[in-house]
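In the two assemblies presented below, chain A is common to both, partnered first by chain B and then by chain C.
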Partner chain A sequence: MPTPTLLQSIAITLIQCVLVVLFVFVVVPLTVFAERKVLGHLQQRLGSTRVASGHIGVTGWMNRGMWKWGRIPVLSYWRGIPGLLADVLKLILKEDIIPAKADKFVFFIAPALSMVSAVVVFAAISFVPGTFFVFPSWFPGLAGLPVSGGIADINVGLLWILGVASVGVYGIVLAGWASNSKYPLLGGLRSAAQMVSYEVPLAISLLAPVVLTGSLNFGEMAQRMATGTSAWGLVPQVFGFLIYLTCGFAETNRLPFDMPEAENELVAGFHTEYSGMKFGFFYLAEYINMTVVSALAAGFFLGGSWLLPFGLQGLANQLLPAGAWIAGPHAIFFVAKIIFLLFTYIWVRGTIPRYRYDQVMSVAWKYLIPLALVNLLLAAFVRCAV
Partner chain B sequence: MFKNEEMEINLGPQHPSTHGVLRVKLRLDGETITHCKPVIGYLHRGVEKICENQTFFQGQVWTDRMDYCSAVANNLGWAEANEKLFGITVPRRAQYIRTLLNEFNRLASHLIWLATHALDIGAMTVFLYAFREREDILDMNEAFCGSRLTTTAFRIGGLREDLPPGFEKMARKFLAKFPTCLEEYENLLSENRIWKKRTVGVAMLSAEDAIALGVTGPVLRAAGVPYDIRKAFPYAAYAEMDFEVPTQTAADTYARYLVRMAEMRQSARIIQQCLDGLPEGPVMAKIPKILKPEVNEVYHATEAPKGEIGYYLVGEKGSINPYRFHVRAPGFINLQSLPKMAEGGLIADIVAAIGTLDIVLGEIDR
Partner chain C sequence: MEHFIETIGRNMFAIFGVMALGGAAVVVASRSAVHSVLAFLFAMLCIAGCFLSLEAEFLGMAQILVYAGGIVVLFLFVVMLVEVTKAKEKEVFQLQSRYAIGAVLLGVAAFAAVFRKVIFGVASPQALKLPENLAQGLNVAQQNAQAVSRGLFAGYLLPFEILSVVLLVALVGAVVLAKTERV
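Coming up: the complex of A and B.
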């Protein structure tokens, strides 16, 4: 394979950036849509499961048939799309109001901070270990050059991810503070306490895979986690996954931990005073963060781009014939895991109520941190003893 | 070095969980409520005064608009207060139908309470499930009197019309599926750890305090006082019904939840008995075209879904309008216990407290 020149590697990195951003901005609207649909079906909402019930095309034909039999058709997957489109249109067209006594610069910068920190995390996430694809020979300038599965293949990927992700809390705190309003202030204070608290067990639970594999590089860790650990590693991985997922819900401000924007207490929490696309940025950031948390969970615990989670792939590979398609890493598995975890987010939202603020804090400090520490100890024991 | 101050915050009048236009002035120390004062009157329309300028027949329309979630129960109280004033005996069939519709209304009102209370605590799914069942009850309202929410269901002396054909089938169909619906809500809430954490021991109101404040309804019964006007002073056809008054002793939000859920089961039981034992006969008593009161004053209390709703009517000899009309609104009196429940708790608890009181501002402000 030819070695790329500086210009060529810059071009490749740019292409990778575009691909990742494309992925993010395709997944996020789809998640929003899925949230409507899944919640719609969980809660038997009529709008998102009936609007535009499709009287044209194949599904339209089936729907008409079902109406004729006196059944309510639930077949078309695209039902509810008008609601989504209206939502997006509303966000874009809405007047952008800045409160009179707000700190205008901070008020402006806060949503951007949230959004950027959420997207930048993806730099260190590799979708597939090694080469993702090779440019075909007809491609001008870049023929025959490989594109790796992640943008930045850095050694301290995990540190980068945790560091950048924690900048996101500034967006929320600053938004709450700059609005010069009481409900956002309370929301900002809550989120400062909550997100800082939950970052501790989150980081500790992510340390378990680090200890098991001895690497901080995302791709390498995913690879070793999937195939290289012993069977005893299963226990700390499963526990770590559950702890991580709980913290992930808190970090992304989703139910049951949506304290900063607790709708029924703080009106809309930190983004009460935001409207238009500025609010849209917070909204997007929340969904991108969900994707990030899911991607990390998939990479560190669920085997990343391999089929089986918790290091069971190594076991399966012994049984499978060498070179089987299912035995190798594929980006599609990674994406499928992300999608499954995103579904879990929506599922949980439709099922359980919200914790109270003090209870949220006690869950973190009294239960999750000790559990995560014990889990880390267990992982260290497995690493040394087995 | 640091200045320690309390923050004053307005919960409402525009706020997602004050159930209308209630404004609560809160003083907060961090997130702890040190002082709480409900401010009401944003929905005042002068219903009592308006009724004094209308005939006895016309007044009922205004009772719909007080507690719009339980219009039928309000209508029942109004009709019976007037019947007491004029000494009218209502036919037995009309009494049964009134009881039937009143209990359906209790279900609808409790479903609204469950829906909004659960939503306030973050359980969104129960909200939509409860509204799904309420829809069926509203359909029955529509079938009976053409109106879904503001029903004006009864007339002084009985009913305007008998039950429409097909009503019994609708009611029986609803009764057949309702127990499974209740189980569905309970599966989502009753043993849910988060639900229990948010409700057990929250917004306590002891029996002594409740009695001292005049609190009635499920809030009182959850404190262990088995006071239900349907049992204590039976009206309509309740004397002939076999039902229990569910009570709890914990006096917290969870106990009130359990009491209301049990009440829904009892209501379904009463409806079943009404349907099975519905007597034949006329539905309207013989009454004159123009009503002029004989006695001076009358107070009639009935058990509305939210507590004791009392109608106080003063008649003037020779006049076709009531001289004075006053409503003892359960929501208005129950709301006075809010500071007692909320002070010392957190912001999230006042939301639970407002939800568990089950207030409707239309009735509080009148």
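Coming up: the complex of A and C.
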């Protein structure tokens, strides 16, 4: 394979960025849509599971049949699509209001900070180890060049992910301050305390994979976690996964922990004063953050682009014939795991009521941090013993 | 085009350095405390860029994680809570500016004293390296984090632990001060 020149490698990186952004902007609206529908089914909200452009097509015919039999139709996949379209249109077309006494510069930069820190994390995430695809020979300028499964293969990828994700808190805090209004300020302060607190157990729970694999590179860690850990490694991985997921919910301000925007207490929290596409950016950033947290959980605990989670793939591979399709890494497994975890987010949101604020803080400091430390100790024992 | 990109790549350190200095200047000059904190964040991120351009990946990432992600957030938290009116702010600044200038001069002198060899001396022909016995079986250029950890936890364990004790003292002191005020 030819080695790319400087300009070619820059072009390839740009193409990778475009692909990742495309992935994000396909997954996020689908998640929003899925959230409406799944919540609709979980909490019996009728609109998002019924609204449709008409009873047309094969499934429409089947649905009408089911209504006639006196059953609620299950085959209503596209129902709710008009709601999603209306939502997107509203975000784009709504007037962009800046409050008179707001700090204009900070008010402007806060949504951008949230959005950028959410997207940039994807630089260190590799969707599949090695080459993703090779440019066909007719492609102008880049014929025959390989495109790897991640944008940047950083040695300290995990630190990059944690560091950049931790910059995301500024978006929320500054939005709360710049609005110059009491509810956003309270939301911003809450989020600063909450996100800084939950970052600690989150980072410690991610240290267990670091100890087990002895690496900080995302791709290497995913590979070693999926295929290289021993049977004993299962215990710290399962516990670590549960702790990580809990902290992930808190870090993305999702429902059992959505203190920064708790609508019955703070109107809409930090984004009360935002409208139009500035609000849209916070909305997007929240869903991109969910995708990021899911991608990390999928990569470190659920076996990344291998099929089986928690290092079981390594044990299974001893039984499978070498070179079997199911034994190898595939980007589709990775994406499937991300989508499953996004569903879990919605599932939890529809099931568990919101914590009180002091409970949120005590969960982090009194339970999650000690648990995460014990888990780290377990991982260290496993690493030393095996 | 290629030449241009390569030139930028070679001068990355200078670019980030100038940007960090600009950020630091805004920290001092800005009227609003929150703007100062924002500029401080910018300067910290640029310093991380400086580390990255010197191929010290671990240090750069630690810089982002610790300063941008932790310490500056707490600064912001405090600044948002303490709302000082404009007039009062001015008074406080005028009172403190003499001391501030003195402190800055003292800092510059201390910095020059510590780094006089680096700044005015002959440039070392070799980059700083781990001792041979510690660097065994390690590709220092590739495994940055491992090299730093070996230096800290094998070569210089005692100074590192003493530093952590100093931090602990500060932490306990802060808790004690906060507690007595409340009772």
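Everything below uses one rule, namely that the second predicted complex is superposed on the first by the 377 of 386 C-alpha atoms of A that agree within 3 Å, B and C clash if a C-alpha of one lies under 4 Å from a C-alpha of the other, contacts with A are read in each partner's own complex, and residues count from 1 in each chain.
The definition used in the following text is that contacts are C-beta pairs under 8 Å (C-beta built on N, C-alpha and C of every residue); 3 or more make two chains touch, one makes a residue touch a chain.
Quick caveat: nothing in here was measured; it's all calculated off a predicted structure.
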item: Partner chain in contact with A:Glu199 - chain B first, chain C second, else both or neither; value: second
item: First, second, both or neither for A:Ala226, with chain B first and chain C second; value: neither
item: A:Arg349 touches, of chain B and chain C: first, second, both or neither?; value: first
item: Contacts of A:Val156 with chain B and chain C, given as first, second, both or neither; value: second
item: First, second, both or neither for A:Thr5, with chain B first and chain C second; value: second
item: First (chain B), second (chain C), both or neither touched by A:Ala295; value: neither
item: Contacts on chain A seen with chain B and repeated with chain C across the two complexes; value: none
item: In the complex, chain A residues that touch chain C; value: 5-7, 10, 103, 105-106, 109, 154-156, 159-160, 162-164, 166-167, 169-170, 173-174, 176-178, 185, 188-189, 192-193, 196, 199, 216
item: In the complex, chain A residues that touch chain B; value: 39, 42-45, 182-183, 186, 190, 255-256, 258, 262-267, 349-359
item: Contact set on chain B toward chain A in their complex; value: 7, 9, 15-17, 31, 118-125, 127-129, 132, 188-189, 192, 194-195, 197-198, 346-349, 351
item: Touch list for chain C against partner chain A, complex; value: 1-2, 5-6, 32, 34-35, 38, 41, 45, 57-58, 61-62, 64-65, 68-70, 73-74, 76-77, 80-81, 142-145
